[in-house]
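Two complexes, one shared chain (chain A), two partners (chain B, chain C).
== the complex of A and B ==
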C-alpha cells in the first residue's frame, strides 16, 4: 500500500513537471514571436525614418536652390534701373552692361577674394549663367561659378528674364540658369 | 475556469488585432496618402508662367524695333505695322508667330515642359473670341495639374488676353 502511494506521488510530480515545461515553452514561444514582431516593426520604422530624413534633406536642398534663384533675380549688381531714376528697379530685367561687368569680375583672378568671400556666402556651391534666346546670340555670361567636387545633389532652375541693352535701348529674351550643388 | 481563461485569450487576441489595425491605419494615412509637396516644382512653374509672358511682351523685335506688346496691340487693333516696308500692312500677326515659335522652341519645348499658350481677342458684349496665336506642347489638356497665368492688354478696339498654362 505504501509503495503504491509512493509510485502515485512520483507519477503526479512527473506530470506536474511536464505541464510546467510545456507552459514554459509556450511562454518562450510567445516571447519569441513578440520579439520577432518588435524586430520587424523596428526594421520597418528605421527604413521609413531613413526615407523621411532623405526626403527632408532633398526638400531643404530644393529650398536652398529656390533661395539662390531668388537672390540672383534681385541682385542689384544685375538688375535694370529706370533711365530716370536709379532707385526705380525694373522687374525680371538684367542690364547687359552690368551682366558683362559681373561676368568679367568672376573671371578676373584679382577679384578672387570678392568671389570667394562675398559671393560664396550668398550663392555657395553653384553656377549662375545667363543665355540670350531671342534675338539669338551665341554669347552666354557666367556670372558666378563654384563647383563642388563630390556633389550628391544638383538642382537646376531656369527663369526667363529680359536683357536690356542700354546702347540700343532694346530688350532681349534671356534665360537665367541657376545650378546649385549639394 | 476554462471558460474564463479562453475569454481572456480572446480579449488578448482582439487587442492585438486592434493594435495592428491602428498601426496599419497610421501607416496608410501618413505614408501612403502623404501629400506630395514639391516646393521647387511649384516655384519654378509659377515663375515660368508669369515671367514668360512678362518678358515676352517686353522683348524688342526686328520689326521696326517694336516690342511684342506693340505687335499684339496692332494685331488686335488696326493692323498698321508694315515690317518689311513693302506697302502691305498687317505684318504683326506673322511676326508674332515667328517670334513666339523661336522663343518657345528654345525654352519650354527644349526643357520638355508641357504648356499651352493662347492669345485671343475678347469681343465686346461676349460675342465670341478671335484667336491670334495658339501653341502647345506635351500633355496639357483635361485634368492635368497646371499653373495658369493670364494677362490682359487693352487695345484700340477690344481687350487682348494672353494665357499660359504650365502643366506638370
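== the complex of A and C ==
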C-alpha cells in the first residue's frame, strides 16, 4: 500500500513537471510568434518609410529646380533696370548686354573662383541658357553650366522672357531654360 | 518537498514574467523614443524647407510683408545658416538675411527690400516677430526710416525728450538713435532695469560718417554699453542693423552684400566694355569702366560711395546725350 502510494506520488510529480515544461514552451512559443510578428511589422514599416523618404527626396529636388528657375528669373546680373531708379527692375526682362557679359564671365578661367564659390552655391549642378526665339536669330547664351556625371534626376524649366537690346532700344522674345541635375 | 518545488516554480514564473515584461517595455519604449526623435527631425526639416521656400519667394518679390504662422519652436538664424532643433540648413551666399539671432513665437514676419548702389544689386530679406518693438527716436532721418517700415511691425516714433516716459509693453526692444542723443546719453525708461540684458538693444546712426554703432543694455550700468560699429550703404542697411541688432551678424551680411556688389559690378564692367567697343567713334557717348574697378571691401566704403556718385553723374550724362545708359 505504501509502495503504491509512493509510486503514485512519483508519477504525480513527473506529470506536474511535464505540465510545467509544456507551459513554459507554450509561453516561449507565444513570445517567439509575438516577436516574429513585430519583426514583420517593422520590416513593412521600414519599407514604407524608405518609399516615403524617396518620394520626399524627389519632392525636394522638384522644389530646388523651381527655386533655381525662380532665382535665375530675378537675377540682378541679368534683369533689365530703369536708368532713373536703382531699385526699379522690369520683371521677365533680360538685358542682352548683361546676358552676354555674364556668359563671357562664366567662360573665363579667371572667374572660375566666382563660378565655383558663388554661383555653384546658388545653382548647384545645373545648366542655365537663354535663347533668342523671335525675331529669329541663332543667338543663345550659356550663363552657367555645371553638369553632374551620375545624375539620378533631371528637371528642365522653361521661362518666357523678353530680351532688351540697349544699343537699338528694341526688344525680342526669348526663352530662359534652367536644367537642374540631381 | 512538493510544496518547496511549487514555491520555486511560482517564483520562477514571476521572475520570468518580470524579465520578459521589462524586455517588452524596453523594446516598445525604444521604438516610441525613436519615433519621437524621427518626428521631431521631420518637423524641423519641414520648418526649414518652408523657411527656404519663404526666403526664395521673399527674395524675388520685394516690398512684400508676409506674416507666417510658425510652430512654437525656437528658430536660430545666423548670417550663413538657419537651425531648428538639431537640424541646420545653410543660407546660400547670395541670400542676405537680416534677422534677430533667435526667432520665437507663433508668428514670423518676413519682408524684403531691393538694394541698389546705384544699380540694383540684391533684395535684402528681413525676418522678425511681433514680439520685437522698434523704438525710433524722432528726427528727419528717423521719420524716413519709420515710414519705410511696414505696417505689421511693432514700431513707435518717440521724441528724444519722451524716451523716459515709455511704458513696458512686454516686448523685446530695439532702440534706433540718430546721434541726437547717443544711446548712452539718453534718459531711459525705468522698466528697462526689470528686463534681461539681451532683450534690449540699441543702434546709433551717424549719417554724416555712414556709420552704425551697436549697443547692448546693461542692467548693472543702468545704461547702454557701446559694443562696436560698422559702415552702412543706404537705408536698407540701417533697417538691416535694426533687425539683426547684433554687430557680428550685421557685418557678415554686409560682407555678403559687398561680395554680391562686386559680382554685379563685374557684369556691368563687362557690359560697359561692350558699349565702349560699339560707341568708340561717337564722342558724345563716352564709356569707361574706371568707376567699377574698385576694391569692394569693408575698408573701402568711402571709395564705394564716391564710385556711386560718379556712376550716377555718368549715367545722367549718357541719358541726356541719348546714349544707352551704364545701368
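Going forward, the second predicted complex is superposed on the first by the 169 of 182 C-alpha atoms of A that agree within 3 Å, B and C clash if a C-alpha of one lies under 4 Å from a C-alpha of the other, contacts with A are read in each partner's own complex, and residues count from 1 in each chain.
The definition used in the following text is that a residue touches a chain if its C-beta (ideal position, glycine included) is under 8 Å from a C-beta of that chain, and two chains touch if they have at least 3 such contacts.
Remember, predicted model here, so these are calculated numbers, not experimental data.
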Contacts of A:43 with chain B and chain C, given as first, second, both or neither: neither
Contacts of A:79 with chain B and chain C, given as first, second, both or neither: second
Chain B versus chain C as contact partner of A:15, first or second or both or neither: neither
Touching partner for A:63 - first (chain B), second (chain C), both, neither: both
First, second, both or neither for A:29, with chain B first and chain C second: neither
Which superposed partner A:118 touches (first chain B, second chain C, both, neither): second
Chain C versus chain B, contacts on chain A by residue: C
First (chain B), second (chain C), both or neither touched by A:53: neither
Set intersection of chain A contacts, chain C complex versus chain B complex: 63
Contacting residues of chain A [partner chain C, same complex]: 9, 13, 20, 24, 27, 31, 38, 60, 63, 67, 70-71, 73-74, 76-77, 79, 81, 83, 85-89, 95, 97-98, 100-102, 104-105, 111, 114, 117-118, 121-122, 166-167, 169
Contacting residues of chain A [partner chain B, same complex]: 48, 59, 62-63, 65-66, 69, 91-93, 133-136, 155, 157-162, 170-175
Chain B - residues contacting chain A, complex: 31, 38-40, 43-44, 47-48, 51-52, 54-56, 58-60, 62, 65, 67, 99, 102-103, 106-107, 111
Footprint of chain A on chain C - complex, ascending: 2, 5, 9, 16, 20, 27, 49, 52-53, 56-57, 59-60, 62, 92-94, 114-123, 259, 263-264, 266-268, 270-271, 274-275, 278, 315, 319, 324-325, 327
